[in-house]
Structures are given as C-alpha cells and as structure tokens.
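In the two complexes below, chain A is the common chain; its partner is chain B in one and chain C in the other.
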Partner chain A sequence: MSVVGKRVARAEGSERVKGAGLFADDYKYFGMLHAAVVRSPLARGEIRKIDFKTIAKIPGVAGILTYKDIPGRNCVPIVIDDQSFLAERYVNYIGEPIAIVVAENRQTARLAAAQAKISIEELPPLLNPLEALNHPKIHLFGNDNIYKHIHIHRGDVKKAFADCDVIIENEYHTPYQEHAYIEPQSMIAIPFPDGSIEIRGSMQCPFYVRKAITTILGLPENKVRVIQCATGGGFGGKEDVPSLLACQVALPAWIFKRPVKLIYDRTEDMMVTSKRHPAYIKYKSGATKDGILRAVEAEYIIDGGAYSTLSAVVLFRGSVHAIGPYKCENVDVHSYAVATNKVPTGAFRGFGSPQILFAVESQMDQLAEKIGMDPVMFRKKNILRVGDTTVTGQKLEYSVGLEETLDKVIEKSGWTPGKSKEDGVGYGISTIYYGVGLGAGGKSMARTGARVLVHADGSVLFSVGTTEIGQGMTTVLSQIVADELGAPLDWISMMPTDTSRVPDSGPTVASRSTTMSGNALKDACIKIKSVLLEEAASMLDCSTGDIIFDEGIVTGGGKTIKLLDVIKSCFAKRLPLSAEGWYITPSTSWDDNTGQGDAYVVYAWASNLAKVKVDKETGEVNLLKIWAAHDVGKAINPALAEGQIEGGTLQGVGYALMEDMTTNADGAIRNPEFSTYIIPTASDQPEIVPIIVEHPFPGGPFGAKGFGEQPLMGVAPAIANAVYDAVKVRIKDLPITPEKVWQGLKNK
Partner chain B sequence: MISVESYKRPETIAEALKLLKTGKFGIIAGGTDVIPQMRHTPARSLLDIGKLGLDFVRENDNTVEIGAAATHSQIQNNPLIQRFLPLLSTACGLVGSWQIRNRGTIGGNIVNASPCADSAPALLIYDTKVVLLSSQGRRSVNLSEFIKKPYLTVLTAKDLVHSFVCQKGDDSAGNSFIKLGRRQAVNISRMTIAVSLVRDDSNKITMAKIAVGSVFPTPTRISELENKLIGQIVSKELFDETADLAADLMIKASGVRWSTPYKKPVLIGLMRRALVGASGIKEIPA
Partner chain C sequence: MKKKMINFNLNGRKIAVEIEPQLTLLEMLRDRLGVKSPKCGCDRGDCGTCTVMLDGRTVRSCLVLAVEVDGLTVTTLEGIMKDDKLTPIQQAFIDNNSFQCGFCAPGMILSATELLKKNPKPNKEEIQEALSGNLCRCTGYSPIIDAILEFTKGGK
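On to the complex of A and B.
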C-alpha cells in the first residue's frame, strides 16, 4: 500500500486555481438558445390567464413553452411525485416555474421572462409550518400538510422522567441556510438527430437528472445521457435542484431541436432553489444526578416548503440523530416534515441533523450544569462505545471512535473544564455522530458501479457514478485504484461522471462516494489484478501468492519486473484488462412507527471544542479557535480529510454566527443576495485544528467511512455552549447574532 | 441584468466636462457601487474617469490633496496619508476586501453618500473640502455640506468631483477608528466612530475631533461632543458622559427605531472605547 494514506495533491487542484476547468457556462454550441424561467410572483394562487403575445414579439425570442408542451409526464420525480415541472393550475410558492422562454441570448430570454403577463387569483398562503401542521382548512399536502411523520420510541419516557433528578426543557429554532456554492445552478441540453438527448451541467446526481428527463420527455433511459461538468460546489444544493434545471433546458431543446443553456443568476438561485430546512424543536431531557441520561422527549418540526422533494429523507436522518451519540433507554421523538407555501427546502450538508444536534448538544450542557458535573465528564458517561445500542436499537459492532475524538480535542487544546480563563472567554464542546451513506432511508439506491480500463501503455481510466463536487473524490478514488492495481498514481485518470459509463449508482450525497465508489472500484480492480497476477507469475516463474505489486514495480521469486511489461505482455496475449465493479451495502432495516432498526451500516463520530471571546458591550462573538476531531475510519488522503474539516467547520461557523435567511410577509426570501445574506469570508476563519481519528470500518475501502458532512454538524452547538461558558447567556435560536447575545446579557 | 447605452473614457478633463455638460452621462470610477446599482436601473450612458489622472495624492503647506479617483488601497498605503491623515488610511484599509479596495475610489465612496461610507468620518475629522469641476468652472464645498442626505449630494449631473483637500492632522494627536460590522471582511459598517484627541502634560484635552457613520442619516462630525471634551481633564466620568451624550444626540436626531435598543448601548460602549483608545491612556483615572 503506497499512496493510500498519503497527502497527495488534489487531482484538479491546479486546474481550479488557474480557472481552467470546464464549467457548464464555458460550453458553447452551434445554434444554442438560452432559457429563462417565468415564475410565480405569488405564494399561492390559481392561474387565470397567461398572455405571452407581447413577449413572443420581442426580437430574439425563439419560443415560450408551458406544461401543455411537455411530451411526457409533468412531474419532477424525487421521492414522492408531488412536484410539477411547470405549474398547470395552481402555484404554491414564490418562484414556482410556470413557463420557459428561450431566446437567442441570455439577456433577451431573461428580459422576456420578466415581462411575461400572468394573472393569478391569489389564495391565502400558509407560511408558518406550525400553523400549517394539521391546518383545518388549507390542505397543501394530504389533509394534514405533513409530508412525513416519524416516531422513535424506546422504553417508558413518563416513568423515566419521574426517576430523573434533573430535567431540562427548552424550545429551539434554527433558520434556513443557503448553500452559497460558488457556481450557481447551470445546465445545458443538446438534442441529437437520432432521437437522443445529452445533458451537461453542474450537479451531484446525474442519475436523478436522467430520471427527470426520461419522465418529462417520455424517453427510455438509453436515449438520455447525462454528463457532469466541473461543478463549483454542491453541499446538497445540487442534489435534487439540477433535475429541475435539466427539465427546463431539455424541454425547449427537444421541441426546438437546438441546444439550450440555462444559468441562474445569483439572486434567482437564492430565491428559488433549496436550502436547509428551518426547524422548530421542543426538547425535554432528564438525567440522574450521577450523570446518566435517562429520558428524552422531543418534537422536531421542519419546514419543507411547497413540495416534498427530499423532506422525508431529511427527516429520517434528523430523527435518527435526535438524541445525539448517546445511550438512552427511554426516548419518545415525534418528527414532522410540514408543507408550507415557500420555496421547497432540501438537502444540505448534515441533512436534517445539524438542527436537532444544536438542540441535543445545548441540552447536554444544561443537564451537566444542573447536575453540577463538567460537560466532558457528563458526555463520557453517556457516549456510545463498541457494543452499545443506539437510539434505534442498533448494536454497534465496530468503528466507534467517539471517545478518542473527545480525548483528542481535550488533549490537543490543553483545556480542561473549570480551568481558569480570561474574562469573556469561553469554551464549548459538542460530541456528535453521523450515519454514513443512505442507510435504511435510501436503501433501494444503496449500490454503485465502476469501470476500470487499463490501456496498453499502462495508463488507467476509471469511471464511477458518483461525482466530484470539490470534496476530493477524484483524488481519493485515484489513490484507491493506484493501490489496488499496484500502479503509480500518475497513471490513473477519472472520466467525467457520465450516466452512459456505469449502471445507476445512486446519488452523490450522504458522504457516500469514498466508501461506495471506492468499494466498486476495488471490485473491478481485483478482477483486473487477477489477470495481471497470473501473467506476472508466469513471467517471474513463481506462484501468484508470492508476488507483490507496488507503484509500478512487480516483485516475486526473487526477481523484479516492471508492471508496464506485465501489462504489455497481457496485451500481446490479448488478455482483458478492463472490468466492471459493483457494490451493494450490507442490509439495513427501519420501522417508521417505532423508529427502530439498523438505520445505517456504520457511523462516523466527532468532537468539537470551540473557544470564543464575547464582547460584553456589543455582544459580538469572536471565535478564537476550534479543535475538531473526526473518526473517519481511515483517511485515504489526510490533507483532503483536513480540508473537509476546515471547510465544513467554517460553513458551521456561518450557520452558528451569521447566516440569517428569512422570508417576508409574502413568503419571499428577504435576503437573496450576498450583500444581505452574510456568510463567513476567509478572514472570518478561526484557527481550526483538524484532528483525524481512525477506527477502521471493516466494510470500507482500506477501512474508510464517509464523513464529509460531519464537520459542519456539531459546530453551532459547540459555539453556543462556549458563549454560555463565556457570559452565561444561552442562545436557543440560531444564528447567535450580537443583538441576541447583547439582549441575553441585558436580561441577566 | 446590466445594460449600458454608451460608454466613454475621455483622456482630458476638458473633454470629460464637455461630455458631462450634455447631462446625459453618469460617472463611473471603480464601479463598485454603480455596477450593482445598475441591476435595478434602466440602461445609462457611462463616463469612465479612469484616464483623467485623478488618482494623485499631493502635499501642500497645511493640506493633503487626494484625487477623486485614488483607490482605497492607494490611500491605505500612501506614506503621506499614513503620516498626516492616519485615520483615513485606517478607514480605507477597512473597506470591503482587497478586490474592492483595489477598484473602489474615494470619490465614488463620497459621491455615493451611503450613511455607512467608511472614508467619510475620517475625511470629516480632517475638515475636508470637496473640489468640484464643471464646464462653469471650479468650486469647493465643505464635506459636511456636500452630503445632503443619504445617497444624495449637492452634485449635479454636470459636475465632476476633482479632489478632496484635507487639513493635515495634528502630529501629536491620538487617534482611534472603530468599525462595527457582521464579519471580518466585505463588511458593511453598522457603525463607525473616528476620534482624534490631543492632550497636554496635565492630561487636559486641547483638541478633540469626533465623527461617526451610520449613527445619523449622514456621516457627521459631532461638535457637541468635541466642545464637551475640550479644556477638560481626561477622566472616566468625562468619557462616560461624552459617550452618553452621543447616544442622546442619536436618538434626538433619528428617534427610537427597531434597532435603537441595541444601537444605543453599543454606541455608548464603542464611543467610550474610541475615546480611551485615542487618549492613549491605559488606565483612565476615575
């Protein structure tokens, strides 16, 4: 094993720095049209009249399409088919697509779309999920406006609370979070005369896109090819939304028989694409005075917006994480994803868990304080270890490095609870976990394919169905292929992800690429390697068991030859050096009514320690330092793993301290611009100490398990706990703005 | 979506003034305010002042003159400004980000006349005069009178801001500049405070200049505070009272708004901090 575990440079790193990558907007095609979307100006209403006569006359406008032009089904399939591609009679959120305008250039398309005349009879919207839940009159989804309800039940909560020495009960609220990927949503469709269509764009999930196109155009899967362009960030925001964009370009491309491009303007992107679900959490937890967490009762409500999109699965993950990484025998959690007349919310790094973990970890500190125990000790008494059972009744058999992450942040920081500190300075801890992969919530998609092709000159090309979105997948998978084949890293290249290369491999979400595509590649490489081994054995005149492949050198029987010569010899004999790989995850189980089952195959674990200094006059929180320790199973590339920790932590810092997206009285996003939606800049990055802990996952490539989302998840509660430690102000409503801290100080 | 009707980039001031005389042109310098604003306005004709040589900084007897097209980066790093107008160098160094400071000009910052323009409080401290040119000739207006209300100045469509003439600061003055925002960079000020103080050996204040941004509708010098300080011995009480007075003046001018419960105590706290900072005394006597 020679490159796995090494800090090799990102495969596309220098390309990105030079701005040389081919992003969707860099592609131009002969005869290409540009699309723009006509959107609903109202949160809820019935479409009365559409008048496109005026805009049709604008020079350069090639056409305007509505749902009537859709040859297939008018639906964007995600989980439940409740979302139309183009509105027919009703609109349900501000920005809902009604028609597509195509024109010879982008300006004309946008101008025309903005001038489209649509008369809509306004209906009263539901904007607050707490009102929408079981609303007596207005039914946006089913007859209770609930996309999904999950109940997790263990033991006897009532009885357990009676036995608790301390009980803490609170309400928490968390806001929208916008992905703020650097590249806005972008898509191109290219129709071919043979009746097939190609989609190229910025995306996480090419197979979702393919399904959307086959649905709206009524085409078989072999006529739709989806290729991912270089993608400027996703964070979940390019999980389901690119399916919408793909439909918005595919329909006009199909009808006008010309390539069509669509790039969202930043404001449009922030107005109408998915975000992290706002959440309302009621949380009651109790412990005995010796520090044992005895009972948890919680209600977790997430605002799903106008269509169900991914809300049901977001809720699943949130619910499984609803008591944090602790043992607790008495649990009663009810969670609801609720429909409202606002932009549909969706996937975002952490997928329903950061909201509830903010509550969980705030509660843990308050329980500890009330017992009179330090927060580290209290956690140590309750955290999960190998052999323990999770809240869903799953027995943990392996790879539980939580305690080591906690010990490591304490050790590296030199901090211990109760240690004296400067006035206004505070430390806060959070311990969390993350179910790796789709788990029981997305079981049917938990498979991946891969293809590896060794050429006669030794160069290797592989294809997978997951995508590079800045997380470093290409590099990590190349390292895995290099070691599996015993070839030098610089022989290995990856094809841009393309649905025509590998079978449907599911989405690039849930921190699953390293484990899933890694395992599928391993499967393919083993097949090729067996051919190489046989050939090497005959060349070296020894048995295959004696042969070692290492970075292009093959040794065995006391002799050394070049891997390239083995490859050449295989080619001379016309032996096959290409293979398909396939991987499916071990089984998971789940029962929606009891909330019990083996929810995920493996979990990643983390501890965060935040050090802050609070300005008592202004309420400003100055984040001085964060220590973040993550059990990743095995860091295939420690530099990239640390990069994920740093980036995710900073995104968590934004969520904790400044990102504050709200809607106005009409239901529109109030601050859909970077001048008013404040995210951290490079200058706001605190000193971050990334710490990697490795408790190998036996089912992962080289012991690796996914963890890309986890760095964000526990940051907000660690900071909230640090603020409390600093000035004894408990913030239960994110973000922790200066005004809220100041108000808390004043109320003391 | 941004559209431009026509674009001119004259190379002489005379030519620029001739174009401006038509009243058809809007001036563009760095474009960091104009371009974002154009997303919401109809197409305009733009006159780019980038080739008029207005990016100078020069010293006269008691003044430093800064060309309207000098960028925030230039001002931040200019030795003359660092020496004679240190608060201005600090203020411009806190504008936006590297990219914005490299493009954004002081002329644009002042003509845009935002209540939170970072250079304005510093320029006010140095009793700055704005030099205007038009086809009618040259005139000079005090900065305190130049900005009439938020986003509105005395400028007409035919005027060009040529330069800013600043009185050199007192060499012995202690200065402090505080910018309150929501993050560390690309940070729109929620409040700015510039203070310059001179005290004698007995700690008596002999000169006081105080200006604020985002406290009143426009950036403002607060003579009431200055008068309260001059001639007094530095004390905790003096600074507390001065800071309280600042808050009273803010409420008198703007009334109580949704932001007042937070802004009032924060103004008091930061004003006190700025005064202490400028006094150069670590432990202020009671």
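On to the complex of A and C.
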C-alpha cells in the first residue's frame, strides 16, 4: 500500500501543539548578547555625523558597530549587489540599517538603538514610482530608476485592435501586502573558536544566508554553517530578508566572540521588511464578437523600493502571467520594476502575478459583458489546453487541467452564469495559471541535492536543502521517501535543513520543494533501493525484477521477508545504504527583449468562484462562499494540499477586501501593527471549498507539480467580478473596501 | 528600579521569584522561567500567541505585568497537559491539520480550551468569535474551527 496520495498527519505533530519550543526565540546560549538595529529616520539623505557616546554609556550595552567594522564586503547579495549591509554615506529609505547595538538583554539593546544620535542632511526623496520612472534629476538606480524592464511582444497589436469588435481599456492599482507571518523575523549567530560561525534562525533560504555571511565576514563557505529553526510562516517574507538579519547578528558575534540573538519587534518588522510590490497597471484588451481574445496591450509598473532585492525576478513572473492562461496571438506588454525611496519590496506568494492577474481577470469579465457572452463561456473559448501555445511562445505538451478546474467549480457550486438571483448577491469567476519553480528567471539555481541514510535498525534519516515553513514539505517528502524505499512511513525522519548536509539547493520559493527535493530524494532512494533489491534477490532466490517492496514487506519468488531483515543482511555484508541525490530541471529559455521562450517547465492551473452579498446601504462586501479548484498534478497528501488552498485563499481574501498598507507623506509605512493593518481573523473566515484536480506532470515525483502560491493569486479578481455581478460596481483599486463600493453605488 | 518578590502558582507549582517591576508576564515566563509555549508575536496584545490563563481566564501575557500575578494562578499550555500527554483538543488539532507553521497553535489551543470549558457545545459562530483574538496566517482557520467542532462531537 502506497502512502503517497494518503491524508497522513503532519510530521511535526505533537511538538507544535505542545508549543515545545523549536523556534529561534526559544533558544538560549551561554553568554548570549542581544542585538538591535539603528535605522534611518529619513527616506533619503546624507549621513553627516554619528554620535554613539551617550548610548555607549548605557549600562548593559556591549558595543555599537557600523560599516567600518565589517571585515568583508559591505553588501547583502541577492540578485544585483546594490544593497549595503550597513549604510555608509547615504540612506535611501526609512528604516535603512546604519548601525548594530548589542547589549546584555533585548530591552537594553532596543532602548539604546532608539536613542542613537545620527545627523542626516535630508535630500528630496522619490516616493511615487510613476514620478521616479525616468526622473530627469534624481537617480536612485542607473540613469532611469528602472531595476528591470521586460517586453513581451507577439504578432501585431495595432492591426489586431482594428479587427476587434469590443475593446476594454482601464487602469488598475494594487497596494502593498504585508506577509504577517505570525513569528517575527528571528536570528541567532554562534561563533566558534576554530574560526567558524553557525547561524540558526527563521528562514526560507539557508543558502542565501550562507552567501551573505561569507560576503560580509570574508569567510569561505566551509566556515559558515546555516541551520533553519522551526519557521513560523514565510510566504516569501523570509526569502531574502533573513540574509539581512543574519548579517546583523553575525557581525557582532564575530567581533565580540559571543552568541548574538536578534528578534524584530512587530512594528519594526512591518516597517522595514519586504512586502508585495504596489502596482500600477494600464490594460487594454480586445475581442471579436464571437468571443475570441484578439489583442492585449499593457503597461505594468511595480514599486521596488530603495534596493533591487528580488524585483527583477518578481517582474519576470508577473510579465509571464500578464495575459492570464489564454491564447492570444497579438500581445504587447511593457513591464518595469522601479526604484523609490521606500522599503524594498520583494517576494510574496504569487511573486508579481496577483497584481497583474487582478487586471487580467477584471478585463476578461468586462469583455464578456460587452460582447454579451457569459464569463464562463468567454473563458472556455480562450483558455489554454494541451497542444496550445502560451503568450511566451511555449507549446504546452502535458498537465493542463485548467478546463477541468473551471468545470469543477461550476459543478460544485451549482451556479448558472447570468441566472436571476437574490438582490445584492453576485458570483464572480477567475481562471489563472502559475509557472511552477524558478523557471527561466532563476535557471542557474534550478538544482537541488538530497541525502538519504538508512540505519541498521531500519530507521531512515534524510536531508534536503529546501525548508519546512509550514507548507508541509517534511510530511510530503517523507511520504515520497517511504514509497520509494518501500518502507513504513514511521521509519522516516528529516534532519532540520542545514547547509552542511547537502550542496547548495537553491531557495525555498516558487512552490518548488515538492518537485525539486522530491526528485532529488527519488534519485538517492533509487541508488539505495538497487542495493536492497540485489540483497533481497539473493535472499529470496529470485530475480530483482520479480521483487515488490511494500511498507516494510518484501515479496518475490513466492516468498515474503521483512525489509528490516534485508537491511540487516546488507549491514552484515558491509554494503552501503546511504546515497546522495541530485536533480536539475529540464531546460528553460527566455529573451528579455521579446518575452519569448519556454518560461517554466510546467504550469499549475486554477479556477476560483466567489459568491458575495453586497450591502447596498454601506457598501460592505460579505463573502459568502468561495470554490477553489487547483490542478496540482498529483496531491502527495490531499489534506496538506487542501490546507494550502484554504490558507492561500484566505490570504487572497485579505488582499481583496481588507489588507490596506500605505505610506505617510514622508515615505514611512503608515500602519505597521496588527491593530491598524487588518488581516482576516477567525470571524472573517468564509466558507472555502477546496477542490483538487490532478493532471499528472511527467517530470514530477508521482506526477506532482508545485502550486503552494497559486491559491492566493486569483481570489481578488473573482471577488471583484462577484461584486460587479451583485451591484454593477467595478472596483479597479484594491482592496475592495465598503467606502469604494459605496462611492461606486452613489456615482451610478 | 527596585526588584520585587512575587509568589504565584504556575502550572500547579509554587513559584517565588524576584523580578523587575517593568517585566511583563510573557517576559518572566519565557526569559526567567523557561516556559516556552507562550510566544511573542507582536508584544502589544494584537495577535494572541502569548495567551495564558490567569485564574482560569485567558489573558495576553504581553499586556500583563509580572508583578500583577502575585498570589494568582497562571496556567500555560504546558499546564493543561497531564504528564506531557496530549489533551483531546490537542489531538483534534493534529487530526484535522489545524496548524501549519504551528506558531499560533499554543494560544489557539488555550482559547479553544477556555471556550469549551464555558460552552461545551459551541456552534461555528461562537467558535469564530472565541478565536477572533488569535491570529493565524497559514491555515485559513477552517481546519481549526473543524477541530473544535469535531471535538464537541466526541472526536473522530
């Protein structure tokens, strides 16, 4: 009996429901100091004078460090090396790190950091990306303030629009979205007398952290060991930001030769760490009256903040997803990631696609209405199927379950588009897709390692380079290992992810862990299994081809033996039962100037159907129910896959209806607390119907493809379309607050 | 500032500890007494991860000064388990995939425990109301609500 495809309980199990203490802040070390960061109070300026005399005298303060104390390079490497670890002469956003204070306890460190005296001469900041783009005088990045420009071009847009029967043209805006992982950013550095250093903390990408530490301390990779602690949510927010924290603890640990811990205060965390890019979108699309999408012209601008961080790759994903999961032969999309003097934005579940998909799916409904066709029929005429070609010119050869997801949400909801209904109640649909993995935008990192070690008592320990951040990777990979080895699930354990165990396996992002680490583990297990098979064949006196391994039982030649006895026999003969696995993705391709290429190896697909009731007096949107169908290839663990759908969908509901982060006139985040930045609570929880669709991916373990980001991505447009269906008010600016709907009702 | 001696009951044990008057209950539990289940998510009473019980009622331990618990009874998640064995509601959280990262789980379970003590058969709306002060960003809440509903029906 296979455990793949079963709803087994999470590997973490009891220690998490006991609160047993595996998060970074639960660790204490002998002689440990606590760090706090001195930050810029201004959005842009030149540092004139730093005076730490007063705070150095505060009892308990052990020291204050600036860029002058950095033994290696003053840089936090991410994609382009434009971000300093500690500011030298200029500051470019409110909250930019200038110095690190360490003290005997956290309270003292924070108090001292808050009292540091820094004199900065203010320079005029650029806070609006539309003004920053090609600004004639102020140059924050290059000569045009553009971190990245991508152009996707197909066919002849001008000619195609002339042939369209209907054209819809709009501008859309989407705001910041804050990850709001419940565990704040947390990191510890422990220096050792042999000249090595260990980093333990909350993170998605231990290999990014290692690279940052080797850069700032000037150490070789074999002297830096990074171990992931239990991580209390990531969602992209712990992709690149932990590299900054790791530098902020590693430097004082290295200088003072004591362990150093740093936990961001929640307000600090919300003020200075990455968020989803605000976006400004101009979108024009046209169709013929028989319902064929003929032309798309779009301009997509994202606000990258003060440093480039991940903006270039965020823009890549957003651009590839810029026309949605449709066939269209005439496309002209220009997208730009722009520098401003605000907090650097970065990775967040969906990675540049939720913004543009809000526009894409709002447009689709408006085109359908203008043609006089129902929105489901209009989509059916245009969606991608096996054999079709995507906007980037990629031919889809397998695993395209979009139509089935659409059919499933319609079937489960019993909704008939256009049918007369209760007053103020509306339904809205969205169909989307998601390029799985890093794709051509992160090709060089598209590899993973794994190690599997079978012990003499049958217990199995495996290591991978991707991380468990709540998504359930440990459980899913354990299921894969159990099935590959034919061992019972309870024999399998995973080591905490540790850079000393496996080669650089790239980041835990882009919904890549199941496919990448799953395939690497499969590679390792096949090597071990071949040894076990040979031994079992000699024990059973039959050929290896006749042998079946199943949850600890081995059968062949009409006989049955225990897997444990085969393992013991291997150990008695001193045969190796450990192996390394390695996996690289098949080739992808991309051209920034034409936007053409095989952008991703495989795509996940989804349809969302939202049912809302709008209060016509107040404009309040009550989300009654949402059906979310996702083609995941193969659900290794359907319970965990449904967990991803439910959790991601609710984050999408927050993005659609309530999460509204903005900046003050000085460029500071206006609402950096849970009391002012409102995320969904248990009381806001709508009924979510998760639906799993499985169109296997031939290159994935057991047919699986990644999809963890996708549940968030199409929720906002489905709700916007439902609001329109209910009260004929079209909201083009997220979130869909009662004020905006009420204004729309009033203006009708 | 002058330290103060306080006496209180923690998970059935008598505790006498000398503390600074500005110390919060959360800081005392975690940093002085090594109790790890209450977590610090916001330090301003918004998120609920630091939930503990004070004389049987849930409080945000980041909003309570340690000196205030002098003479009172503090129960953390560690204290609701007997011999480190899972309570049925904890087991229901495991069975229903009710946590992902697990950071909010201790506070969530204590709020659920308090609700079930006051109201053994809550409906969905009552559960939502009781948990609305405990933020979770991973699960979307429905597996948590399901775990409590299942528990009220006597388990799987």
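Operating definition for what follows: the second predicted complex is superposed on the first by the 745 of 748 C-alpha atoms of A that agree within 3 Å, B and C clash if a C-alpha of one lies under 4 Å from a C-alpha of the other, contacts with A are read in each partner's own complex, and residues count from 1 in each chain.
By definition in this document, contacts are C-beta pairs under 8 Å (C-beta built on N, C-alpha and C of every residue); 3 or more make two chains touch, one makes a residue touch a chain.
Remember, predicted model here, so these are calculated numbers, not experimental data.
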item: Touched partner set for A:739, first chain B, second chain C, both or neither; value: first
item: Which of chain B and chain C A:683 touches, first, second, both or neither; value: both
item: Between chain B and chain C, more extensive residue contact with chain A; value: C
item: Which of chain B and chain C A:444 touches, first, second, both or neither; value: neither
item: Which of chain B and chain C A:675 touches, first, second, both or neither; value: both
item: Which of chain B and chain C A:233 touches, first, second, both or neither; value: second
item: Partner chain in contact with A:650 - chain B first, chain C second, else both or neither; value: second
item: First (chain B), second (chain C), both or neither touched by A:222; value: neither
item: Which of chain B and chain C A:747 touches, first, second, both or neither; value: neither
item: Shared chain A surface residues [contacts with chain B and with chain C]; value: 265, 675, 680-683
item: Chain A-touching residues of chain C, taken from the complex the two chains share; value: 30, 36-44, 46-47, 49, 76-78, 81, 84, 86, 90, 93-95, 97, 99-106, 109, 127-129, 131-145
item: For the chain B and chain A complex, residues of the former touching the latter; value: 1, 3, 36, 97, 180, 182-186, 188, 261-262, 265-266, 269-270, 273
item: Chain A residues within the chain B interface of the complex; value: 107, 110-111, 265, 617-620, 658, 675, 678, 680-684, 738-739, 742-743, 746
item: Chain C partner contacts - residues on chain A that touch it in the complex; value: 9-10, 12-14, 16-21, 23, 25-26, 179-184, 230-233, 235, 263, 265-266, 469-472, 639-640, 642-643, 646-651, 673-675, 679-683, 685, 687-688
